[in-house]
Structures are given as structure tokens and as C-alpha cells.
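In the two complexes below, chain A is the common chain; its partner is chain B in one and chain C in the other.
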Partner chain A sequence: MAAPLPDVQLATPTPPPLPSLINARQLRAQRMGRALRLWVPAGILIILLAICFLLPLVTTLPSATRGNIIYNNEPPFSQGHLLGTDVQGVDIFSQLVYGGQVAFEISLAVTAIGIAIGGTLGVVAGYASGWVDALVSRILDILIAFPALVLALVIAQGLGPSEFHLILALSVFGIPAVGRIARGATLVIRGLPYITAAELAGTRRWRIIARHIVPNIVPGIVTFSLLGIGVVIILEGALDFLGYGIQAPQPSWGNMIANGQQILSAQPEYVLIPSIALLITVAALNMLGDALRERWGVQ
Partner chain B sequence: MGSPVNSVPPNGALLEVEDLQVTFAAGGREIRAVAGVNYAVEPGRTLAIIGESGSGKTVGCRAIMGLLPAGTLISGSARLRGTELIGLSDSQLRKYRGSDMAMVFQDPARSLNPTMRVGKQITEAIMTHRKVTKAEAHEQAVELLRLVRIPAAERRFFEYPHQLSGGMRQRVVIAIALACRPKLLFADEATTALDVTTQAQIMELLLELQQELGMALVFISHDLGLAASYADEVVVMYAGKIVEQAPAKRLFGAGGTVKMRYTRALLDAIPHLERPAHTELPVVSGRPPDPAALPPGCSFAPRCPSAADDCRAKEPALTEHAPGHRWACWHPCENGGAA
Partner chain C sequence: MALAQQIQLQTGGSGARGSARRIAGSPALRVAGRRLLSAIPVLIGVTFLTFVVMSTLPNTTAQAILGLNASPSAVIALNHSLGLDQPFWVQYWHWLSNVLHGNFGTSIQGQSINHELASRVPTTLMLLLYALVVSVVLAIIVAALAARRPNGIADRLSLAVSVLGLSIAPYAFALVLIIVFAVKLAWFPVLSGPVTDPSSFFRNLTLPAASIGFGLFAIYTRLLRADVVEQMQREDYIVTAKAKGVAPWRVLIRHALRNSMFNLITVIGLNLGGLIGAAAIIETIFQVQGIGNDLLNGISQHDEPLVEGIVLVFALVTVFGNLLADLAYAVLDPRIRYGRSTS
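Our next item is the complex of A and B:
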């Protein structure tokens, strides 16, 4: 049996703690910050969507198109009118809710059309290369070269005012924007060895596009689309403001700002309230897009 | 091209490459990346193509596989069991790719689709070429994963590439390449991105599989050490041309007879444990020549320690000086050139 080691040998001095580049608290804060950057804008958007689409279903809101002139110009937080009423006595909160519905419907539809048509064109152009790519790219370039607002204005004017026509007009901006991003992302993926490997294995072209290219460009398209939704909401508001979009008495954020503008000095809240709604929505979309980009490592 | 091929490739060669030339047109200039290359590979044999970056080793193989961009000028001949591959259209080549010849790439991290389960990527390769049901393809894929010695193959089938290590990924890449039992496998720097231990494992695996399946293996590398350990035949390329070609046994090992200064320099550049510590590693001095502006005469002459005036005047042809051993040099090394 071995003699027990003397205490002197057992009691080695504890080494000083290693200096770490980043301590646990910093790491936790970093993780927290990253989670907040994603979930705060996501939460804001969920709340906004719930207010716009669910609230009218579960409660009865005052009419957003007709009001009683007797109760006009009510200040915010007055009886029955959370945000007050406008010159015609129409409830402002209701207008905000239904205007928000319009804004979300149009921007989501435009983005969906952009992804469907622009995404397809971009991926096919990027993968096919050659004259197909040249043709598609030039068309997209031409569309992008036009000032988006002016072009949308001309088209909305030509088709006549309606929500559907507004979607078509704004798609002229959405399609080439997504198309360019999709083409660029496809070119990057195309150069990677696994695409060559799939081609070498004799995999058919449509299958390479569907299974190997599309899943790998989705993160880029989604983050870009979130930013795109914000831009479309602003453009839609601008068209409404200029009178080429949603027509009164149907409410929209752009309409509300246009109406409020006439009495801006007397009652600035008529312009401020829809503007703030617009600002919060677009800022949340941009922040969410940035957070996802950071998370997915998209350039 | 004046490279007299004295011996006809032996009968039964799987791949015969004759006077293969690849020319890129870049900005009005013509760059000849491969300038007349001849070799043959028999079934079950291993050929190593060795050279520095830009010596044309990868471009040559890509030309055979039909992987070069449109507009590249390819001439000469590459016959796979008598079928001419050069000049075939993409859809015609598709019949041979995968089923007759396959390729393993350098970078295992980017050779797999990150959004697809690895098993799915193997079954895709199987189902492209064979009329099998999904269940059969699945079974064959698991079998392939076992073949490339992946433990717990049934479980790995459902994993994504990021869940595998580099060596494991390269095994999957090899499994995909082998999915349709090709007769010829190109390994383009297939072990370069891996650490030395994994490198050896992958090379051993490739050789074992080659024996099991009777494939011909062409591996492209800049590492003469790998060639010495694993190849039957070695081709050394410089500036788009073969400068020395010999059975591996003749070049390396005891009594090796390296004739080219360039091959010697590549060999000397391999670190050896026997050398005393802190000795400077000999390097091949100078830089590889610009393929658009090759020097007259021998293209290695500007970097060659034994270059003489005749080297700079006239280009030596690749000639068979000894049985099976060809070299292109006016002043070949004596005694294997050992320093």
C-alpha cells in the first residue's frame, strides 16, 4: 500500500483564473440583445396585425367611413372614440385599423407577387445564363431605372383607382427588385461545388433549381422582402396621399395624412397619428429584416 | 505539338487521353491552359496528376468531364472505353457522368447542399440514373454510407451536412460519386482540405473502394508524397504540359530515378521528419510562368538550376527514354538528382 502523499504536495496553489476575452455576463447580454432585436420588432408586428385584422372581428368598432357631424373634432380619449374623431366626425381609431388592413393587404400582395414572378425570373435567369439572362436582366434593369413612384402613379392613373389596381401598379416596383436579388443569389449558389456535383450526377435542371438553388436563396429573399414590404407601405401611402390610390371615403393611412394636412396647424394629431402608425410599422419591418439577416448571415 | 507517343496505350485502357489541349479566350488573349497531354488509365489502376497551381491539372480533367464554361476551346481526344468524350453535347455527356465517370471535389464543406439531408443527396444521385423505388434507393444509400465506412449509417442518413465533420462530409461526397458505380473516378485535390490523419484515411478508403469496385482512379494533387504512397503511375505537369511520366515505383523509394529537376524540386519541398529541426525547407524558386506569355524553349528553364543555353532555345519533347519512363528535359538529373 502506497504511503499517503504529504499534505504539502496535495495542496497545490489554485492557479489564477485565466483572463477571458469575453465574460459570461457579456455573453449573456449579447445573447439577450440578439433575441430582443428579433422579438421586439416581431412582437410589434404581431400586435399591429392583430389590431388590424382580429380586433374588428371580436369587437364592434365605430364606422370608419361615416360619422356624426355633431361629434366632430373630438379630442383623443373622448367617450367612444379612443383617438377622437375627424372633421366629419368619423372615428380616427377605426380609420387607422381599416387603413392598416389596406396597407398590409396591399404590401403583402405586392411582395407575394414580387417573390412569385420576380423570384422565378431571377432564378431562371441566374441559372440559365446566356441570352435568357441577358434578356431578363435588361428588362429588370429598365424597370428599376424608372422612378418607382412616378411609374406606379402613371399605371394607377391609367387603370383607375382601386385596391387591386394599386397592387398591380406597385408590383412594377416589387417584381424587378426581388428579381435582381434572386438572380444575384442564384449566381452565388450556382458557382458552388455542390451544384456542379449535382450537374455531374446528371440531375435534371428543374430539380437542381427546386432542390439545390431555391432552398439556399430563401433567407436572402425573405430578409429583402421584409425591407420591401416597408417600402411598399410607404409607396402605397404616397399614392393615396396624392389621390391616385385608395379613394375616400374608404380609409387608408395615406388618405388620413392627406385629409389632416388641410388643418395641420389647428389639429396636428390628424397627420401625426397615421404617420406614427406608418413609422412604427416600417421601422418594425426593417428591424425584423435586419435581425433575420444577422441571424441567417445573409449579406 | 511535338510529343512523340512511342508506345500505344496498352489495350484495355479505360480512359485514353491524346493530345488534349484546352485554350481559354480571355480579353482578346488566348491562354493555353493545357497544351497537349497524353495518358491512359487502366481499370483498377491509380494515376496521380501532380503539379503546382495553374499547371493545368484540374482544367484537363474538367475538360474531360465537360465541366468547362462554354466558349472554351478543347481539342484532342479523350476516349472512355473507346467512346470519344471531347465534343459531346451536355445532354450526351449526362449519360456518362455519374454512371461511367464521377468526380470528387476539393472542398467537402461546399460540395454538399447545406439545406438537404445527406441521405437525400445520395438517393437523388441514385434515382437519376436507375429506375428504383424510393425504398430501394434509401436502402442503397444506407449501403453506400456503410461502404464509405460511416458509422451508424441509418442515423447519418437523416443528418444535415453541418452535423458532420470534414472527413465525414468528404466520405458522403465520395458516396454520392460512387452512387452509380462509376468505372472512373476523378479526385480533384479530394484530400487537400482535410487534416493529415483524415487525409490518409480518405486516401486509404479510395484505394480500398477502387479494389472492391475495380474502378480506375485519377487523383489530382500538388502533393508528391501522396502520389508516392498511393499511385501506380505518376504524371507531373508543368505549364500545361506533362514533363515527366513514370510508374510510381520508378520515381520514388529506394533507387528512385527522378529525371526532371522540377519533379526533384517538388520532392525536396516535402518536409521530412529525419531532417534536423529548423533547417530551411527547399522551395521551388521563382513563380509558375504566365500561361499567356510562356518563355521560349523549356518553360521551366527560368527556374531550373541546371538550365543551359539550349534549354532556353529549344523546347525538349516528352520522350520515352526508359521503359515506361518519359521525360522532357535536355539535361536530366543523374542519380535521381538527390542533393
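Our next item is the complex of A and C:
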């Protein structure tokens, strides 16, 4: 005669199925899926990084800048050339490896600069509010509305092509984007009760920022930055592709694609091979970002 | 009031006058008006920054006009007559006042930039609109199919396609499209010709628009799908609609998808700025006769007036795109349309 109990249950909306209510096999499959979604892209990235940075140290790769014209246009899997050679007889696999080094170095540096400068600006603007916020937001607005490609091209052209100048030029993309994300996240955290509590307890401002705000916005910024690294790799390739980035004898994925464009109809593989390398790298970064977002519950 | 008239045109139908008055007093329109005002410093900032950036490049304009054999004194004289030896803020003021009078100046090749922009802006706008419209329509269809059954086959397929679209470099995708559709299948030309009539529009702009649009499609699909799925699981009006016996498809489209449009509109507005870079690179690959192509040529030739004019056009497109997104909110959201504050 436990009559009241069903009534109470009818009045509440059906709760979402809790993980513990699903049977054990489904639960295991779910956990497995989640682990795979994180570790497959992470594994791909680790392998790519190892190929780019460790492989040249432990084995001797053919030169990536000079080749023997006698052995040009070798097909993939030919003797001594894993992916064949290009029109000048330069080994394509070596070009991919050294081009990958450039892509990773530049994108990681640009992202680090973006987090350091953009993140600082965003957190300070979001926490300080008032005229500081207005000024910083306006500057970020201008940088976002400004066609950054123009700035990047002009910087690359004015300073001359080099890896360091490319990093400077591409930071124009990274700083305002991270700045806006950091400001938005700070604004959300700032409204929460524990910040008020800390302020009332007389905690210093820099300590509130360092101990209460920064640790809470880090997950959001890290997942965003993983997507950002992918975007920077694509943009770096774009500058190389347009001839404003890494210059000809030094290989990069972008200028490999540009070289391949010259003989596109005859030998599409010269475009396809670096494009696929680019695609796998960026896709792995995107998937890793998604998996971390799911794990950390970032919106 | 011009804005009120614009709203009136968009709402149309009977009683438009009354609803226009209601909208004119609405918070959304005031926000839009404030946006319009705050766009002015952004536009000035963007053009000024372009000026500063371009003036860091070595000044080769006079040398380029006179040729390599010109005497140094002739170069100095031409620099003086063009006003290029003045400080850059004087030059900027000069340029700004000319632009406000509707004169963009002449490029270093001696052509009128007004004429150049008038002939080339339409092609770029057509290209961007083509890419935008097709990607939005496809994204809505795919997101609806995917959200119907989360984690179903359609959902997984759409997820894979959108990860691909987000990860592929537009220039690499453009070259793949050329290999498949222009070289192997020969459905489209490798290099785009001038756009004169509808058939040449589809012939010349389909591959460039697809190169630009694939990435956009991926972003929009992800966004819409996530938003619709969340609403279907959380919102009370979905439960109400289902309880009333509304067909599942109808719930999805009329109740969930319609509400997700607002997020989509915001993201489209925000994305407009990024389209410029894509347009420049893609137009160069396909040799589309648009201003993106001009922009890259202008930068490589240090053609400051041309670059300034094009950057201004792009900045205007971005700012007005965002403004249109704000106005679309006012027109689409019944709470705002009927003049009630959301707060």
C-alpha cells in the first residue's frame, strides 16, 4: 500500500538515463569509446611528432633540399625513397619530415604567444572591467575586423621571409582570438559566488586572478588552442603556398603544395601527399580538442 | 528614419507600419543602432592600421611608375608631387577625406580604384554569397538529418564529414577539386573566366565556392546539430509538443531547428571577416577576377591605395554583415518583433 510514492514519481520529469542504469556491457563500450576518442588522435599526434623530430636523429634521411636529377619522378616505395622523388629528384618523404618540423614549430610558437599575450589581455580586461575592458575590447575588435591575412602578408614581405618573421606575422591571428575567449570565460567566472567570497575575504587582486580565475579558464583555453594550432598550421601553409613564407630550397608543406600545383594535371600526387599530411595533422588536433572538451565538460 | 523603413520593407505585409513603430522602440533596434555607431571607430581603426602597416614597406611607388632607369632626382620629384614624402598621418588624413568624398584615388598603375572596385567587387560578393547560401542550406538539411537520431548512422556520417571540412586546408581542397572536376572529369574550367550570365556564373564560380564553402558547411553543421540535440533533450516546449502528439519531424523542424537559427546567424556574422582570407587565396588559385585576387597583387606590388580601398570594402562587408545579423534577430524573434523586452 505504498500509494503516494508513484504519484511523486509521476510529477517529476523523467531524469536522463544515468550511466549506472545502463547495463554493464553498454557502460564498458561507452568508456572504451571515450578512451579511444582521446587516445587515437593523441597517438597519431605523438607518432607524427616522433617522425618529424626523432626520426632524423636516429636515421639518415636523404637530403630534403638537394636531389639527383637522374632519379627524378621516382614513384612511391622505390629504392631508397619511401614516397618517391619530385621533379628535381628531391626525396618527398624527407621534405614532408622537415616541412612538418617547420609546421609544428611555428604553430606551437604562435599558439604559445597567443595564450601568453592574448590570454593576459583577456583575463585583465574581463576582471578589471571599466575603461580597461572597453579599451582592450575595442583593440581586439579592430584586430578581429582587420583582415589579418593582409597584415601577415605585409609583415612577412616587409621583414623578409624567415621562420621567426612568420611566427610574428601569424601571431596577429592568435592573439585577438585567445583574448576574446579568455575575456568571455573570465566574465563568467567573475560572476560566481566564490570570487565575491574571495574579494570579501580581502584576497589581493593578482591572487584572485592567479588562484581562482586562471585555473578555471585553462580547460577552455587549452581546447580552443588545440583547434588554434590546426588553424595556424593551415595558415602557415597558406603563406608558404602564396610564396610569402618559407622559401624554396627549404621544404614546407605549403610550398610543396605550391610546387605540385605547377604540374597538377600530370602528377597530382605531388599535391595530394603534402595535403594528406596536413589533413591528418589538423584532423588529429581537432579530434583531440573535441575529446578533451567532452572530458572536461567545456561547452 | 532609414532603419525603420528598412525594417518595414523586411516585415512587409499588412499592418507593417504599426509593427515598424513597435520595432523602432524595441531594444534590439537600439542595440543595432549602437552597433552602427561603434562600427565607425572600428572602420577608422582598421583603415589606419592598414595605412601604418603598408607604410612600413619600402616605398617603391615612384620607382615602379618611372621604371628602373629613372634618375634619383626624378624619383624624389614624383614622390613629392604624389605626396608620398609627407608623414603618414598627413597621407592618411588626405586619403580619408578623399574616401569620404567618394574618391578612392588611383592605383600605382594609374587606374582609378573606384572603377577597379566597381568592376570587381560584384564578382567577389557573388562568390561569397554563393558559398554562404549553399553551405547554410546544406548544413540545415544535414544537421536536421543528424539530430533526428543522435549517434545514428546519419549523425556519425555528418560528424566525419564535418571533421574533414574543418581539417582540410581550403587551398589543398581547391586543388583536389581541380584534379577531380576540372582535369579528370572536365565538368568545370581550371581557371575561371568572367561572369556575365547565370550559366557562366555556375560554370566559373562553382569550384571556388565549393572550396570556400566546405569549411563553412562543416562549422555550421556542427553548431546546428549540437544545438538541436541539446534542445531536444532539455527544453520544456519540446516535451510539450511531443505530449500534444506533434509528429517527431515537425517537433524537430518547427520547434528545435527554428530556435537554433539564432545561434547560426550570430556565427555567420562573426565568420564574415575570416572569409576575406579564404576569398583571396581561392580567387588567386582559380584566377577569379575579384578583389581578393587584386588584394594579393596589390600587396606584392606595394600598391598602397589599392590595398586600402579593398581592405575598406572588406571591413564594410564584415561590419554590415554583423549589423544584418542583429537586424535578423529583431525580425525573426517574436519577443523582439512584438516589442517586448527579453529581460
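Throughout what follows, the second predicted complex is superposed on the first by the 278 of 299 C-alpha atoms of A that agree within 3 Å, B and C clash if a C-alpha of one lies under 4 Å from a C-alpha of the other, contacts with A are read in each partner's own complex, and residues count from 1 in each chain.
Throughout what follows, a residue touches a chain if its C-beta (ideal position, glycine included) is under 8 Å from a C-beta of that chain, and two chains touch if they have at least 3 such contacts.
Everything quoted here is computed from the prediction, not taken from an experiment.
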| item | value |
| --- | --- |
| Joint occupancy of chain A by chain B and chain C, clash or fit | fit |
| Touched partner set for A:142, first chain B, second chain C, both or neither | second |
| Touched partner set for A:211, first chain B, second chain C, both or neither | first |
| First, second, both or neither for A:192, with chain B first and chain C second | first |
| Which superposed partner A:164 touches (first chain B, second chain C, both, neither) | neither |
| Residue contacts on chain A - larger count, chain B or chain C | C |
| Touched partner set for A:296, first chain B, second chain C, both or neither | neither |
| Chain B versus chain C as contact partner of A:238, first or second or both or neither | second |
| Touching partner for A:200 - first (chain B), second (chain C), both, neither | first |
| Chain B versus chain C as contact partner of A:39, first or second or both or neither | neither |
| Overlay on chain A, chain C to chain B nearest C-alpha distance, Å | 10 |
| Residues on chain B engaged by chain A in the complex (per definition of touch) | 65, 67, 70, 94-95, 97-99, 102-103, 105-107, 110-116, 124-125, 128-129, 173, 176-177, 179 |
| Contact set on chain A toward chain C in their complex | 13, 16, 138, 141-142, 144-151, 153-155, 157-158, 230, 234-235, 237-238, 241-242, 257, 260-261, 264-265, 268, 271-272, 274-275, 278-279, 282-283, 285-287 |
| Residue ranges of chain A in contact with chain B within the complex | 130, 192-194, 196-204, 207, 211-212, 215-216 |
| Partner chain A, residues of chain C touching it in the complex | 41-42, 45-46, 49-50, 53-54, 56-58, 163-164, 166-172, 175-176, 178-179, 183, 190, 233, 239, 273, 276-277, 280-281, 284-285, 295-296, 299-300, 307, 311, 314-315, 318-319 |
